[in-house]
Amino acid sequence: MGESPALVPGLVVHGSGPSPEAWLPAAMRTTLNAAADLGGGRAVELVVQGPAVALLATPGGPAAQLADLLAAGIGILACGNSLRSAGMTGEDLAAGVAVVPAAVGHLARRQWEGWAYIRI
Amino acid sequence: MGESPALVPGLVVHGSGPSPEAWLPAAMRTTLNAAADLGGGRAVELVVQGPAVALLATPGGPAAQLADLLAAGIGILACGNSLRSAGMTGEDLAAGVAVVPAAVGHLARRQWEGWAYIRI
Amino acid sequence: MGESPALVPGLVVHGSGPSPEAWLPAAMRTTLNAAADLGGGRAVELVVQGPAVALLATPGGPAAQLADLLAAGIGILACGNSLRSAGMTGEDLAAGVAVVPAAVGHLARRQWEGWAYIRI
């Protein structure tokens, strides 16, 4: 196992489903706690799929937590397919949020690289 | 990594839970999109557990999508324990749907072989 | 792959979410079935996160099933963060239930060791 963070398998957290107001804030808190628990040597990404991507554009609420996650070095990734379904583009997202073409494809590739997977 | 598809780890998609009418069609669409995104070199299986297995016998609705998944080379696997709970057997399933004795056992073995796992 | 159970990757089952009365008994049954299906050579753990940890202290109901899981050699692990949110400590849990500091951290580390992961 090398010293480079890129070579140490990280953790992808998968958040998806209806009523994202009910679960996205908790998913963000859980991801932040996990990153603290795992320490600085492990990359952590929160992959957001489904109608929840709309909340990544909303000032206040979850977006207020976004700054904490980004400051902790956590990647916040919105599903490009979900954005299209919501009539949005990456331009609509809060600063610091990145886009992956398809959530499932990204989550599979990360696991093939050795990353752990958690479904919120 | 060999050239044989059987030696390249694939992806298992796990669909389970109440109210399958609400999630099985979306799970099928997500699985189909993932297979397209990942390209032809990766095997993809959709493992259906719980009351959703009854929908794999119903003409129309989700079963209409089944043909698209099978044509894309995606394996559709019903949980044998769930079939028994639903008072069904493999004979009741639409053509092309296979049965595994227990969904969780199959999902664990696939991951031990290196496959990625996604929970819908 | 050695003969020691500790060296053979096992299975972590992740149970979380609201209304645990509705899913914890089924999660326990699924985990017990999985352990039987996988045979004695594989370690199996059920990791309980969220309000469900309160049920691990309740006599009757799910706790009655606990004895079956423990007798089958399945580890029952409560999330320490969830216990704190519920105003509980490990002292409040039924005999045989262990505590991990954070469910997500434990689940990630197990997967980095090669264990399979199933989300209930």
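The chains carry the letters A, B and C, assigned in the order they are written, with residues numbered from 1 in each.
One rule holds for everything that comes next: a contact is a pair of C-beta atoms (placed from the backbone, for glycine too) under 8 Å apart; a residue touches a chain by one contact, two chains touch by 3 or more.
Quick caveat: nothing in here was measured; it's all calculated off a predicted structure.
Peer 1: Could you say what rotation angle superposes chain A on its sequence twin chain C, using C-alpha positions and rounding to the nearest 5°?
Peer 2: The rotation relating chain A to chain C comes to 120 degrees.
Peer 1: Same or different interface residues for chain A and chain B, judged by whether over half of the residue numbers are used by both?
Peer 2: different
Peer 1: Could you state the distance in Å from the CA-based centre of chain A to that of chain B?
Peer 2: Centre separation, chain A to chain B: 25 Å.
Peer 1: What parts of chain C, by residue number, touch at least two of the other chains?
Peer 2: 117, 119
Peer 1: Mind pulling up the chain A residues that touch chain B in the complex?
Peer 2: Listed in rising order, the residues of chain A that touch chain B are 14, 16, 81, 101-102, 104-105, 107-112, 117, 119.
Peer 1: Can you list the chain C residues touching chain B in their complex?
Peer 2: Within the complex, chain C touches chain B at residues 9, 11, 13, 30-31, 33-34, 37-38, 42, 114, 116-120.
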